[in-house]
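Each of the two complexes below includes chain A, the first together with chain B, the second together with chain C.
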Partner chain A sequence: MRPLRAAPAVTLALMLGPVAAGLAGTLAPALGILPALGGERPAIAPFEALFDWPGLERAVALSLGTGLTATAVSLMVVVLFVAGWQGSRTMRGLERVLAPLLSVPHAAAALGIVFLIAPSGWIARALSPWATGWENPPDLLIVQDPWGAAMVAGLVAKEVPFLMLMTLAALPQAGAPSRMEVARALGYGPVTGWMKVVFPAVYPQIRLPVYAVLAYSMSVVDVAIILGPNTPPPLAVQVVRWMADPDLSMRFIASAGAMLQLGLVLGAMALWHLCEHVLGQAGRRWAESGGRGHGEGVLRMLGLVTVLLAGGAVVAGLAGLATWSVAGFWRFPEPWPEGITLRYWATQAPALAGTLGRTVWIGTVATALALVLVLACLEAEYRFGSMRGARVSGGLWLLYLPLLVPQVAFLPGMQSLALVAGMTAGMGVVVIGHLVFVLPYVLLSMAAPWRAWDARHATVAATLGAGPWRIFWSVRLPMLIAPVLTATAVGFAVSVGQYLPSLLIGGGRVQTLTTEAVALASGGDRRVIGVTALMQTGLVMLGFALALALPRIVTRNRRGLRTA
Partner chain B sequence: MTILARLYALAALVTTPAWADPDPADWQGVLEQARGQTVYWNAWGGATATNAFIRWAGDRVEARNGVRVVHVKLSDTADAVSRVLAERAAGKHSGGAVDLIWINGANFAAMKEAGLLFGPWAEALPNWRLVDVAGKPALRSDFTVPTEGLEAPWAMAQVVFYHDTARLPDPPQSMPALLDWAKGNPGRFTYPQPPDFLGSTFLKQALYELVSDPSLLQGPIEAVDYAEVSAPLWAFLDELTPHLWRQGRAYPQSGPRQIQLMADGEIDLAISFSPGEASTAIANGQLPDTVRTFVLEGGTIGNASFVAIPYNATAKAGAMVLADFLLSPEAQARAQDPDVLGYGTVLAMDKLAQVDRARFAELDMGIATLSPEELGPALPEPHPSWMRQLEADWMARYGLGD
Partner chain C sequence: MSAALRLEDLRITRGGRPLLEVEATVRPGEVLSVMGPSGIGKSTLLAAIMGTLPAGFAMTGRIWLDGREITGLPPEARGVGILFQDSLLFPHLSVAGNLAFALPRHVRGRAERQARVQRALEEIGLSGFGTRDPATLSGGQKARVALMRMLLAEPRALLLDEPFSRLDAQLRGQIRQMVLGRARAGGLPVILVTHDAEDAQAAGGARIDLD
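On to the complex of A and B.
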């Protein structure tokens, strides 16, 4: 019993230790302290240099603008769609493709979207020259536009599936079906009714994922490099550039920039929180006004179209990359390559086999650790929750911290920590680095179903003489096997997609499919990018496929669970 | 000898095996120490051709010398520099993660200045005697910074431009001609965004041609009136930028991205630092076979690629063995083959044995590769301070939007 009681504390220490130490390791150079480069005493020079940088205003505006817009649009799309289509066949169909969509790594999705919307991309090719008259691609600034519109589109396409998954997980707990029945009985249309009675119950549960999306969108690096403007780039990209500057003294300004990025994210969250408050007040008046709403049909269609656009862009982009991976020479405006060749797969696949194995190993170990810790935390919360529930739940909230703090703000510091602690760069350290990010996502996707489990099952089992562990292993876990496996697949997907943690903590010695993909993406060869992106996506999809297939095997002698 | 001194000597004996750096003068010792080591070679991983070459070199060195090579694929060389720096900051003065870095120019200057490099060792390598030291001054002067044996060269590079003859049969041969052509054909030329090294090289190449006295570029910028010397370059770029691809509001983020842009028909002319790059890309099906290469009338900048060993590297002996193999006629001839890499050799043909000379003579240089005569003499790289200042100024002028 004792280890279980300690589980939340141990997990918190494992998660928060690295993050806190990493932040400290970034804060010190920002304040001028970095003995290896001669920074011995505190100074404000790094921040002075940062504020003297002429691009700062626009970089900050871009970070705030793209982050807030992408988050708001993603949330609106998800809410509109779920409101309009909850319980429908369309919704169930979409649920099935959610996991594969989630599994596409951000960088791969962004590269695919570039090939769709660029002036030389698939859409332009399909329409040229017969409709557009273009023999050469037009000189249009669609990708990397200075306002970051392409970047926002790319982020929305990837964040919609994530928020959708989180919303769907929250619906049962919010008692959505019964609430909707009441609203419909009172004459509300589906969208208006959902917004008035279900959304207020759902939003508190998806607030953390929304904040995670906000923090991620504001400080994303790989997507911003591919789709975002570069003259100047958003702040996070500029921070990474300063870190990569051959002039080592730029590390000071980079650290100051990372701290500013952290401040921006915190500020944006505060702003979002304020908006929640204001909109919540307004929403209450709106709900109480009793209006039944108009334009239901338009809103439903808008929700459907935007969701299909987001999902379609990712799928079509991936199909484009798949075509490139087997393309011979492919000239504009031909919609298809001149020839098909497997030589890129033949040359790349053997070289990537070792990397693939390593990626699987790291992902498996990190996910298994995360799973054990999360199950222990949730079970501890369930068993001892009544005694000190507030403390445990409050502590669990902190586990989301790695998702809310920008990666550039604490990973460089975390790297130094691993070195100071004398840890040799290797897979073990990388697993710890991944765990910091895998664990919150596993918790995110498992907490709601775990907490929503009907505890009366346990009461029945207990009256039949089962102890707490017997209940856990024989009743609770089998009943919750589907969400547990989904959480496992999500955790594995998160691990596979990690770039900066693998690179910085692994000292470059630990190569994963993602570090390969980003390194190759810097060369811009779409064929090779196609090969690595497909391998990456295929691996994660395999995880999700197993998560879907395994419950059927596990439940073969538990017929009653099959529909659950 | 006092007891204390004896103790010292004893302590030295005991600790030496763990701390001793290999002595490059004792090559047999280096070879013995290297056997069984794993060398983590940190090299840019953005080009499939170089990745394949590095894999080949690793296989050969493992077969010949029992040294295993792992290519750590970087998206930026500075990542490796950061790593070494982070290790020193953490007091990890041995057993570092980086054994060998593909490096030159500003990264080398920064590491040398910060004392992050092991050596000297390069000029003690057995194959160093084959190196064309006299004919290629860039091999001992990396962006004017003396290498002092802290890095070993392995490839020569020279700026060339490539164009698709199907769309642009007569490319402009000088910077002023380029400007005129761009005005008549807006949106068909661009260069990688500085501080990408190739983009910065375009700036230096343009400066070379536009400056009144190119010899000024060989010294640090502090020695000259920088504003005056660089003024013609900014005037040129102010005129050129609105006629660039995307009106200069976006730039490709790396050199190889230009290959994709040309294959997509978005641009007609691109800069490259590898005379064989276009031929290699044609062989790979990445460019149409109508692409050709040329150099500007006044000559183009050339430099060398090096490998360096960090001061805290784990497998220094293995790294030296690998560096020596890269200088071998076998590896050099393979690197020069346009079907493989298309990089220029650093060796002097007259120092090679007959059989090794034949390896180079047999090479089919590819349809888009210029002969050494056509390439002409390479202009030396300006002092690193120029690159740093040009990048900063470019950023302030064109990198921040309207």
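On to the complex of A and C.
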């Protein structure tokens, strides 16, 4: 009983401890304190150096611009689509591909998009030479454009599925169908009606995910390295470059940059919050103005087209990666390679075996730990009613905290702390770093089905003589096996997709498929990139396939479990 | 008197405010009907007797069963069985698996346990249904399995939380007769919570109205 009671506290500590310690460990060098490198007393030198860096203005503008744009566009796309297509067959079809889309690692999706939009990518090939007249790939800076447009596109393609899932989950609680019936009966068009009566109930429920998207988009590093501008890059990328500098004294400026990044994210959140307020006011006036809606058809089509573009970009990108990974000679502007060869798989697969094994090992350990902790938390909540109070009063904020604090703000601190403690950054510390991000996703994915479970089953089992542990093992867990496996696949996917924790905590020595794919991105062989990114995506997909297939096999004769 | 279910000065409060007070003795084979509109705390009373009061509720008083005080015992040690309006058969187990789950540990040996389950299925007219998925049973069949599952756990008292309200009129009388008959035959004290006067009438026995 004792360990179970302690589970919520242990989980919070494991989730927030590294974040807090990491922030402290980043703040100290930013203020000049890092005894291991001779920083004995507080100084403002690191910030002075940061503000003297000529690229700063541009790097800050890029972080703010790409982050806010990607978040706003993603949210608008999701809202337009859900407003126009709620309850339709199109929507149900999309729901089915949502999980696989969501599970594609950011790096793989970004690399796929490069293969689409690059001057020698599929889009250019499809249009050449008949429309463009290009016989050779044009010398255009489409990928890594100075404005970060390609980066915003890549972020939107990946954040739309995430926000869509969150929005769909919020719809039932918002009483969407009955609200829509009322609005339609009062003569409102579907999109206008949805915006006026459903969205105000949905938004508070997806606010935290939206903030998480904002924090992520502003401070993302892997997508920015692949799709974002280079000289200068967005601030977060520059911080990682400074961290990787062989000159260790660059850690001071890196830490100052990381703190500035944290400030930028907090500032952007405050700005977003202000916009929420202003737009909320305007929205109420708009709702009361009585307009029934114009151009409904256009808005619906816009929602559909943008969602298809976002999803299609990821899928077509993966197809591009797959094609390149088996391409023989492939001349521009031919749309297909002249021959197909498995040579690159044959040579790369053995070379990547160690990296693959390490990726699986880290993902498995982090997910297993997260699973045990989350199950213990939920069981403790059920038995002792703990966390229930916390859940209402800000527990969700705590859960989201690791997703709201930019990774680049606290991971350098974790590395500096390890440096101070004289620890060699090994796999164990990397696993802890992954756990920080795996835990919230596993908890978010499992909490709703776990809490929705009809507890009278437990009451019946108890009156039949079953104690709490027998109820857990032989009633509750088997009944909830499908959501538990889904949460496992989600956790594993999150771990496989992590870039910065492996890179920064591992001090560049712990290579995973993700760090490998990102490292190859600049100037790597396209065929090798294809093999690596596909391996990364395939690993995640395999996890989801197992999570879907296993309960179907185990419970094939149990109809009552399938609807649950 | 000794084999009775006795609620001694039972008071339940919610967030410190009194919800209900009950003082009652239910003798073996007798039924105490508890009536009242929904939301009055009928199910809460049953939860108190089972030991599953939700957080926020508090209880004073004592509960006796078979001359033994069960007030502080965990639910699984009280010897109190319950039927809800839903059969709540475990969806991941077969029909036989549901029955075997309830069979006490002292019935030893695979063969003996299986034989007991078979006999139980015959008793409720469902022999041959052992391997079936509970989700494929009809409402009446589910109700019978749920009743038999509870009886196999050898309870010393029986709580009924509107167990007939989901059944259609014809089935309702039949199942009611079966449940109350089995309880009477087994000499079990019964507390029946219902908002249907017909249920209370069919049960005979004393009646408490909460309002």
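As a convention for this text, the second predicted complex is superposed on the first by the 443 of 564 C-alpha atoms of A that agree within 3 Å, B and C clash if a C-alpha of one lies under 4 Å from a C-alpha of the other, contacts with A are read in each partner's own complex, and residues count from 1 in each chain.
Here is the rule we go by: contacts are C-beta pairs under 8 Å (C-beta built on N, C-alpha and C of every residue); 3 or more make two chains touch, one makes a residue touch a chain.
Every value quoted in this text rests on a predicted model; they were computed, and no experiment measured them.
**Student:** With both complexes superposed on chain A, which partner does A:A351 reach: first (chain B), second (chain C), both or neither?
**Tutor:** After superposition on chain A, A:A351 lies in contact with chain B alone.
**Student:** A:A519 in the overlay: touching chain B, chain C, both, or neither? Say first, second, both or neither.
**Tutor:** first
**Student:** Once chain A of both complexes is superposed, is A:Q173 in touch with chain B (first), chain C (second), both, or neither?
**Tutor:** neither
**Student:** Output check: A:P478 vs chain B and chain C. Expected answer is one of first, second, both, neither. What do you get?
**Tutor:** Touch status of A:P478: second partner only.
**Student:** Which partner does A:T90 reach: the first (chain B), the second (chain C), both, or neither?
**Tutor:** After superposition on chain A, A:T90 lies in contact with neither partner.
**Student:** Can A:N230 be said to touch chain B (first), chain C (second), both, or neither?
**Tutor:** first
**Student:** Between chain B and chain C, whom does A:G467 touch in the aligned arrangement: first, second, both, or neither?
**Tutor:** second
**Student:** Residues of chain A touched by chain B versus by chain C: which partner has the larger set?
**Tutor:** The partner making contact with more of chain A's residues is B.
**Student:** Looking at the overlay, what does A:R509 touch: chain B (first), chain C (second), both, or neither?
**Tutor:** first
**Student:** Which residues would you name on chain A as touching chain B in one complex and chain C in the other?
**Tutor:** none
**Student:** Would you pull the chain A residues touching chain B in the complex into a rising list?
**Tutor:** By the definition above, chain A touches chain B via 34-37, 54-55, 58, 118-120, 136-137, 139-141, 143-146, 225, 229-232, 241, 243-248, 251, 327-333, 341, 347-348, 351, 412, 415-416, 419-420, 422, 424-425, 503, 507-509, 511, 515-516, 518-528.
**Student:** For chain B, which residues are in contact with chain A within the complex?
**Tutor:** Interface residues on chain B, with respect to chain A: 40, 42, 44-48, 51-52, 55, 70, 72-83, 85-92, 95, 97-98, 105-107, 109-110, 114, 167, 186-187, 193, 195, 245-247, 249-254, 256-257, 259-261, 263-266, 285-288, 388, 395-396, 398-402.
**Student:** Given the complex with chain C, which residues does chain A contribute to the contact?
**Tutor:** 385, 388, 454, 456-457, 459-468, 474-475, 478-479, 481, 555, 557-561, 564
**Student:** What does chain C use to touch chain A in their complex?
**Tutor:** For this pair, the touching residues of chain C are 47, 50-52, 54-55, 74-76, 78, 80-82, 84, 86, 88-92, 94, 101-102, 104, 133-136, 149-150, 153, 155.
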